[in-house]
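One chain, subunit A, appears in both complexes that follow, with subunit B as partner in the first and subunit C in the second.
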Partner chain A sequence: MSEFDAIVVGGGPAGSSSAIKRASSGLNVLLVERSDPPGSKNVSGGILWGKDLSAIVPDWEKNAPLERYITAKGTGFLTTDSMISIDFRSKKLEASKTGYSVLRAKLDQFLANKAKSSGATLVTGVTVDKLAFDGDRVIGVQQDGDTITSDVVILAEGANPRVAIDSGVRKPIDDQDIAIGIKQVIRLPESTINERFNLRGNQGFAGEYVLGFLQGTVKAGAFMYTNKDTISLGIVVNMSGLRENNSTYSFNIMEQFASHPFIQPYIEGGKVEEYSAHLVCEGGINSVPKLSGNGYMIAGDSAGLTFSNGLVIQGMNYAISSGIAAAETAIAAKAKNNYSSDFLSSYDTNLSANYVLKDMNTFRGIENVTWSNLMHKAVPGIAENVLFRMFNETGQPKEHLSSILMDSIRESKYSKSDLIIEAYRALRRL
Partner chain B sequence: MKIVVMIKQVPDAEEIFIDPVKFTLNRSQARGIINPSDENALEAALRIKEAVGGEITIISMGPPQAENAIIECMGRGADRGILITDRVFAAADTYATSLTLAAAIKKLGEFDLIFAGESTTDSGTGHVGPGVAEFLGIDQVTYTINTKIEGEMLIGERELEDGIEVVSARPPLLVTVMINANIPRHSSLRKKVDAIRKGIEKWDHDTLSLPPDWVGLKGSPTLVGALKIPEERKRASKIIKLEEIPDLVNELVKNGVISTGGD
Partner chain C sequence: MEIEEKLALLNYKTDKSYEHITVNPNICETCPDHFCTFACPAKCYTLIEGKLNFKYEDCVECGTCIVACSHGSVSWSNPKGGHGVKYKFG
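After this line comes the complex of A and B, so read on.
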């Protein structure tokens, strides 16, 4: 007889959602989170997309600590001198309230406390060492020499799944599947943020950019999100690129982004209140490990369940959705008293049936586009050149757009045929 | 050996700021932590318990959320937790706090050792440990960086300004512990789960039945006059290149900041 019906390792969105769902169904759940309070050790860009929380916290839009709802979405490229971006602002986006900026220190605490008030035992400030096994069956977790038993363990450790790796249920993470995220939270008066981003009330802006000014093979994306009275500003640097370029430091890229001529004015005069860094999953479907086995399931970032195609970057919704799916499987397993790998594989099936794995399968190989030379090295420069020549009045006779484009491609160091092939590949995957 | 450890939940000092308008400490953004030297006090107590056996009771006075700090102490190996919490205890100064804690320890019954951190990070008076000893009428060994039991005696190393004094004292005693005394251990999952199941005891004003004007604000002779932020002094700053160092030295000599020595 196990001490708990389920142990959840990790009190982020995946773990807490899973614990809320399970504890509300009367299961005896232990939720273990190494940070105290929950949310104080993770790093997240901070836009929660979708309405997955409704299934477990019906009143979340009213009571969860949400900062702003996204009414304006920016996406584009930054070169040394220019910003080339789409700024999509829409009453339709506003009406659907599809994305909220959040500060995870607050949101994670809110969700973990929900798990606690739903009946889960919440332990913070303790780091689980490993899974405990009986033969090949997971029977609980090990910590400081003790074994705490449970019928099933859900691993929701985030992007750096140490317990899963150390216990041999997930292979170590490859450079190509991982990036380094750095984030600053910058405090500014609410009214200043509203003026600078052209927002009213709780309207919010979420912008994501390719950093087209980086040297060598280093590739990085960047983000700028508005919270109520802070701005979340950060970068995501591709790990293999960093390894290949020893003289490039991720923190310098962060500084370059923050001091870019068309980013700096947004944050001018603000006070940096947080500076943090973390691993980010960027591997796509090919990096997703076996999601369940004998007595365990893996959810959220630990399982590589994130989505990014350069225009849309999501993670928390996949975490919440997979956490709930794991809970549903655990509840069914409890009813049948069957925690075998066969039975728990219905978790994989559930995820394949909902958007989580569907999205990841649809966009199979998308990581090769988001981190392509085309997107990071060719397009930013060409786009800048075309637009500058189009908008700059020199008193010379004007040219057709097509000939400006051809000139610009010729001036870049990419061959026309290479670009066409890469662009075709990219379009198919987007 | 019956051991009491007194702890306080304090706001994390890194997350406190002074309200620029009201000149009061704004603690609303700060997370609650165990006062740092209280962690050392608990660690010292745990080491004695491990060496000679015994039972450790945590006593804390504070708002209901201080329960977390007590559970954390039990997760590290304390056996029992008591939170003294009541609105009438609020705004107590170190005198009233010492009196209330001493009354609670008296109610607890027999004890051999009381451990306390040397001072707290939120007010830093260092009064409460010695104050409790005075109200209980027992001896005290303060500023310790090491403690052990030899026979019937406690041997304590006291870190003083001009050296380390080793004292031997007979329990019952109150011992205050310095922040550099030891490295506090982490809590374990097993012990923390057990602590959550066991829970803590909450004692209020009725439990202690002290006269109302002995506790809280009424029982506090201290008045805080004002809290001021000293004005930040702007210093001149300049980035000097390697080749400009001779010029810098000349300038510093000229301004009398440094002298060329000699006569």
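After this line comes the complex of A and C, so read on.
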């Protein structure tokens, strides 16, 4: 007889969502979080997209600690001298309210407390060391020499899943699976943020950029999100590019982004309140491990469940959705008293049926586009050159756009045929 | 703004009796790249007179170094319960 129906390792969006769903169904759930309070080791590098929380916290849009709803979405390229971006602002985004900026220390604490009020036992400040096994069957977790038993364990540890790796249920992470996320939170008056970003009330801006000015093989993306009275400014650095270069400090890229001539004015006069870093899952479907086994399931970032095509970046909603799917499987397993790997594989089937694995399968290989030389090294410079020549009036006779483009490609160090092939590949995957 | 000033903004509950990350100095001594010094966002890895110096106290527990070190020098565990970095915003 196990002490708990289920143990959830990790009180982030995946773990807490899973615990809320299970505890609400009457299961005896233990939610273990190593930070105290929950969320105090977590970092959001994105927007909370979608309405997945509605299934478990119906009043979340009213009561969860959300910062701003996104009505303006920016995406583009930064070069040393220029910003080239699309700035999409729409009353339609405002009406649908499908994206919120969030700060995780607050949000995760809210969700963990929801799990508690739903009936889960919440333990914080406790680090799980490993899974506990009986043969090849997971029977609980080990913590400081003790074993706590449960019928099923859900691993929702985030992007650096030590328990899963040290217990041998997923392979160690490598360069292709992750990127280095670095962020700073900058405080400014709410009215200043609204003026600078052209927002009213609780409207929010979310911008994501390719940093096209980095030296050598270094590649990074960057983000700028408005919170209520802070701005989240961050970068996501590709590990293999940084390794190959081996002369750029990751933390200096953060400073380069913050001091870019067209980013710095947004944060000018603001006070940096916090610096943080966190791994970001970037491996796409190819880095998703076996999602379940005998007595366990893996959810959220621990399972590499994130999505990024450079235009859309999602993770927290995948975490919530996968946490709920794991809970549904655990509830069904309890009803049948069957925790075998065969039965728990219905979790994989559930995820394949909802948008999480569908998206990841549809965009198989997208990471090769988002981190391509085309996107990071060729397009930013060519785009800058074309736009500068179009908009810069020199008093000379004007040229057709096509000839400016051809000139600009010629001046870049990329061959026209390489660019066409790479662009075709990229378009197919986007 | 210097990285040291940024790190000084953070709150930690440092575990003085347990280092959650350890490095093997024998491996680091012959390391050809010291990529950890470039990758770690908290500048925990530095070269002092050519020798690798590691301090766990500034670690923000991101996990970058265990991936960055391709020579098997870094051992990474989560800090014991409640210890380590404490973000206010996240």
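Note that the second predicted complex is superposed on the first by the 429 of 430 C-alpha atoms of A that agree within 3 Å, B and C clash if a C-alpha of one lies under 4 Å from a C-alpha of the other, contacts with A are read in each partner's own complex, and residues count from 1 in each chain.
Here, a contact is a pair of C-beta atoms (placed from the backbone, for glycine too) under 8 Å apart; a residue touches a chain by one contact, two chains touch by 3 or more.
The structure presented is a predicted model; accordingly, all values stated were derived computationally and were not measured.
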{"item": "Contacts of A:R104 with subunit B and subunit C, given as first, second, both or neither", "value": "second"}
{"item": "Touched partner set for A:D359, first subunit B, second subunit C, both or neither", "value": "neither"}
{"item": "Partner chain(s) touched by A:A159 [first = subunit B, second = subunit C, both, neither]", "value": "second"}
{"item": "Partner chain(s) touched by A:V43 [first = subunit B, second = subunit C, both, neither]", "value": "second"}
{"item": "Which of subunit B and subunit C A:G125 touches, first, second, both or neither", "value": "both"}
{"item": "Which superposed partner A:I148 touches (first subunit B, second subunit C, both, neither)", "value": "first"}
{"item": "Touching partner for A:E282 - first (subunit B), second (subunit C), both, neither", "value": "neither"}
{"item": "Of subunit C and subunit B, partner touching more subunit A residues", "value": "C"}
{"item": "Doubly contacted subunit A residues - partners subunit C and subunit B", "value": "36, 40, 125-126, 144"}
{"item": "Complex contacts: residues of subunit C adjacent to subunit A", "value": "1, 3, 6-7, 9-10, 33, 35, 37-43, 60-64, 66-68, 70, 76-82, 84-90"}
{"item": "Contact set on subunit A toward subunit B in their complex", "value": "30, 32, 36-37, 40, 121, 123, 125-126, 128, 141, 143-144, 146, 148"}
{"item": "Complex contact set, residues of subunit A against subunit C", "value": "34-36, 39-44, 103-108, 124-127, 129, 144, 159-160, 162, 166, 172-175, 177-178, 180-182, 184-185, 230, 239, 242-243, 245-252, 254-255, 258, 272-279"}
{"item": "Residue ranges of subunit B in contact with subunit A within the complex", "value": "31, 72, 75, 186-190, 192-193, 196-197"}
